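Shared chain: subunit A. Partners: subunit B in the first complex, subunit C in the second.
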Partner chain A sequence: MTLESLLLAEKGKSLTNFFSLSYMIVVLPFVVFVYGILPKKWKRYFLLLASFGFVWLVSGGMLIYLMLTIFSVHYFGIWLDRLQTELKGKAGGLPKEERKELKALYQKRKRGVVTLAAVLHIGGLLVLKYSGFFTVNVNALLSKLGVDITLTIPKYVLPIGISFFTLQAISYIVDVYHGLIKADDNVVRLGLFISFFPQIVEGPICRYSQTAEQLWNVQPIRYKNLSFGAQRILYGTMKKYIIADRLNLYVKNVFDMKLDYNGGAVAFAAICYTVQLYMDFSGSMDAVCGTAEIFGITMPENFKRPFFSRTISEFWTRWHITLGTWFRDYVLYPVTSSKRMKKITSSARKKIGNHYGPLVAGSIALFCVWSCNGLWHGSAWSYIFFGMYHFVLILSGNLIGPIVQKVNTKLHINPNSVVYRGLQIFRTIILVIIGELFFRAKGLKAGLKLFKKMITDFALPTIQDMGIDGYDIVLVILTLGIILFVSIMNEKGISVREVLAKKPAALRWAILYALILFIVIFGAYGYGYKPVAPMYAKF
Partner chain B sequence: MKSFLNHLLRAVIFVAILLVTLYLLSRVMTPRTNNKEDGMFYENANAVFSEAEDSIDVLIIGDSEVYSAMIPPQIWEDHGITAYCCSTPGQNMASSLEFLQTTLDKQSPKVVVMETNQFYRKISFDDSIMNKLGMLLPIFKYHDHWKTMSWDDLTLDDEIEYSYSDVNKGYKFVGKTLAPDDPYVDNMVKTTEVQAMTQRNLSYTDSIKKLCDSENIKLVLVSTPSLKNWNYKRHNGMVQMAEKLGVEYIDMNLLPDEVPIDWSRDTYDQGDHTNYYGASKVTSYLGDYLEGLGIFEDHRGDPNYKSWDDSLKAFKKVLKKHLK
Partner chain C sequence: MERLIEILEDIQPDVDYANCQDLVDGHYLKSLDIISLIAELEDEYDITIPAIEIIPDNFNSAERMMKMIQRLQEEV
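Right, the complex of A and B next:
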């Protein structure tokens, strides 16, 4: 056995899976070890080198795209900063009117710079990710119009993590523009913020103010961090190997439509897929945050018990949080606070009142957010449908909210009662599962077909032809029980790891052994299983 | 420093206890017999370990191309040579090396035939490590055995009782035909291009060759007919490999007279794997080749090999039933 495949570019593709052996027993221990023994002043440079090395191993020459992004936003940041300094220098001593004029001029210039940066980076992402989809649809349109022209469908290889690090880059530039952060003149610090290796594959989408300083002010490897980080990675491994990858066998069978499954089997597959996606993505986030924790870095959380949400709006504040907040801060707020929208809001307030008035502009902004959110996940109509589905649900919630409130008051229903809350949570889960059915289906047509099947041909599914057996289902339910217990504790503000850390060593070790052996024995790997690539890495 | 050493010592103890636990659990999880019901997978290929000691003349190692194309009972019937197919679906070189190593504990074959499709199957770093881990600590290999375990299996006895033997000696009978689209695409259009193998597969090939040399075994490379898996670039690659290793290479895709495959009849999945009709042609050629080597005794009539006659009878029964 040689390390050849790890040492050559693009041969380390399995590294995108943080639960792969190559990551867990080769790359991560190597990086932690070297980082640990290096003097403090070298640690940060080594982390950047390790991050570039990681990207190079996974996607080879595509590393250049990441590097260009770093240099580009570094330059744009400094440009914005210079404009700001220039303004300050020129404005000093000017009369108020002239100062105002000068400020407006520089504001315009700064807006020009930030627009150029956004066009370059978002434009690059659009070309690489969506030009194929765009061309296919243009061809279809031309054909319908009877125009005998067929455009060549471009095919590009996407650099790993482009959807994630581009959003980080844009957030940095916009934050500098708004004066929320100062432009970073240190390209190494900025590079580390954009390319830190655990976050590059599936996020979280960090803000400069959240991680840049932490990454720059490196910490030594501490026992507690190492132990807590490893525990979190183990917890994520359990989610991925015992639940997500085990359910994959069944989910794949149904969504590939290999057999004519009845509606019950489709509904069960939609439930399984929702669980699979959550376990896969949140498990990966545990591995990402756990890895960062080893280095003493606190990453923003991407999940906050989403299936305890009472509404779809709340769900999206608990699921893929960093993407949601990115869209909130860089799409929703700019749209709602634009002059035109403010005008619409004030005129709507007069006509339809204080509740529904602001909803007009808000809904337009929401439409933009959900169009972007759908498209961000992929260039297909099914993703656009997914975005629109959630847009409609949130819009409906906003529209009927006051009516429901009135009905509750009239009927003396306590909206905070356990039963009411339980029903709300149940409804939200059902709506999320339906959305995920379309999200997973191979195209919008297939999604509609499966949905129709679920409604019109419902019968209880049988275990036959599922690809999983009764043992698998019991095991998944048991493991979900463990995760539910931890989630309830977390929801109550209790950190299970902190509680365990105070227990005697024998108990702590016993729990750790139990977790490791649980994964080794019951994990879906080896004979009969194909490794499942992390689900969000493809977005 | 004291605190660091303290933590290091604790980590070492933690890992040591974990390894001992995994070792003990490996003994528990190892299947008790080589039956499928007892948790053994690929029971037909693994049934090679049920064969009497030093009774196998030829080991045929590879992926599904092997168990679809080589019929050991036919070789026995025609030549009195004992052959066994150590082949599993999608088998890679790491598994092939493991098969060879473990089989040689009990058998002393004179020839090892390596089907060549496996030389081009990529092995990931993870597969490679998992393979090693499975050999060192079988729990990584048999962890799913919990589904078929009974309370009686909860013992530390890790001896596998090889009670199941395969009458087909690793061959998988398929009688149906699924022809490729007509006209089929010729897979053997001549070219000078060479398809390279991965470094990892080259390394496994070296290990297999060294093992064969150390045990005085003749290594032969064979490409079975396949429209989908084989082509001239791969052929060129194997020619180079055979030259480098100093072994014989037979490409049956280039022997239309000796192995006259009728693509409209002789495969069960549109030209990828041979069905029984194609396999009998492949086996006929291989049997003649093996006999032609002049290194095998004809064991037919030898009372020590009576079980092979019994297997042949059983195989013929299966054949008769399916070919009705």
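Right, the complex of A and C next:
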């Protein structure tokens, strides 16, 4: 058996799963060991090589897309930097008015460069990801119009992580354009920032200012980093194997609509899917951040206990945070601060007041953000619907905000009371679960059908109805209890890991062994379970 | 500074703009207020506030806002 065939077991995708044995027992320990023994000056080059090797093992020749992205943004960055240096050289000593004119001229040139870069990179992503969806819809439209032309539907294989590393590359170029960072003339440093292997499959989407220098200034493997990193990976493994993969079987059965499930079973499946998605994605992020921590690198967090949110707006500042902040900084702010939008805001504010005035431009920008967010997740109408669903919820929240405030004041309701906050959290969770129902359904039609079923044919499901084992439910609830406890501690600002680190060694090791045993004994793998690919890797 | 505080009071009254140091972090100014504020500041001070300047640090106090305005007025 060759090394490649061992690593690429499970149909060649096992490496994209950070909880697969091939990753946890072969790849990660190998990379950590070699990194640990190499002299400092070689560590960074080894990390880049390991990242390229990882992408090559997962997706073979498609590594070329990643390399092209790195070389391309490296070039564009230097181009922008050169224009900036040229401007500074020419502007020195000129009167203010002439300086202004020169600056406007160079601004135009720089905008041209950044637009070209964005068109190339986003264009590439659009072609690979959406041309099939676009052609199917054009064909449907042509046939409705009675035109006898059928376009061939192109089929492309998406390079692993392209949706993530493209956003990272764009953020680098735009930040250079705005002068937030200096263009990196070192292609190895830039390459490592874009391709660092733990983040390539599912993010987080890092900014150059967050991780590039950390990755370049390599650290030795330290005991605390190694133990904290390993703990976090184990915690993620527990989320994935004991909860997410255990719920998968039931969720899949209901959403595949193999049997005629009643509305209660559908509602329960929607809850289970929401839990599964959260445990799968946040568990993967624990593995990613834990891996980075072993190398002494702090990654931006992607989750901040989203199910404690009081509103949908707040939910999106706590769920997939790095995607949300990307859309905020590179779509929302540029749209709201464009000249036309500012004019709209000024005149609308005079006509309809301080709250609703800016909401006009804000809504247009939010619409752009949520269209992009929906489409980013995939080329299907159900994803566009998902985006629009959240857009409408956020917009409604803004529209009725002042009315709710007035009613609360009139009725002497304290919006910060425990009951009020609890009800807000409950409402947010229900709205999120409904959104996830459409997100998971196989197409928009199926989503609407399931939703209708949930509303019109509701009956409390029995365990037999759901085809789920009582033992599974007890295990899931028990593990969720542990996660809820850790989350409440974190919400209060208490780091459970730091508290544990101060306890006697015997207790620490006992907890660690208990966690390992818990995963080994109760994990959903082996006979009867299929390994589930990380859910966000497909986006 | 007086004119800046007038603009702020017009957008969101009942805040002690002369002393408050956490206008954004303390949620005194919401995102919609910031959208209005940017449009008003650009008109009043003949500046362009690019998207990258929209960070809490620039809007947390009237003093910080004034510093940003002066910096943008003086830029090349």
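Operating definition for what follows: the second predicted complex is superposed on the first by the 526 of 539 C-alpha atoms of A that agree within 3 Å, B and C clash if a C-alpha of one lies under 4 Å from a C-alpha of the other, contacts with A are read in each partner's own complex, and residues count from 1 in each chain.
In this section, contacts are C-beta pairs under 8 Å (C-beta built on N, C-alpha and C of every residue); 3 or more make two chains touch, one makes a residue touch a chain.
The shown structure was predicted, so the numbers you read here are calculated from the model rather than taken from an experiment.
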| item | value |
| --- | --- |
| Partner chain in contact with A:361 - subunit B first, subunit C second, else both or neither | second |
| Partner chain(s) touched by A:334 [first = subunit B, second = subunit C, both, neither] | second |
| Contacts of A:456 with subunit B and subunit C, given as first, second, both or neither | neither |
| Touching partner for A:152 - first (subunit B), second (subunit C), both, neither | neither |
| Partner chain(s) touched by A:521 [first = subunit B, second = subunit C, both, neither] | first |
| First (subunit B), second (subunit C), both or neither touched by A:416 | neither |
| Shared subunit A surface residues [contacts with subunit B and with subunit C] | none |
| Residue ranges of subunit C touching subunit A (in the complex, touch as defined) | 10-12, 31-33, 35-36, 38-40, 42-43, 49-52, 54, 75-76 |
| Subunit B residues within the subunit A interface of the complex | 3, 7, 14, 17-18, 21-22, 25, 29, 41, 124-126, 128-130, 132, 134, 139-141, 143-144, 146-147, 198-200, 203 |
| Partner subunit B, residues of subunit A touching it in the complex | 1-6, 12, 14, 20-22, 25-26, 223, 469, 471, 509, 512-513, 516-517, 520-523, 525-528, 531 |
| Subunit A to subunit C touching residues, read off their complex | 87-88, 91, 99-100, 102-103, 178-180, 329, 333-334, 336-337, 342-343, 345-346, 349, 354-355, 357-359, 361-362, 398 |
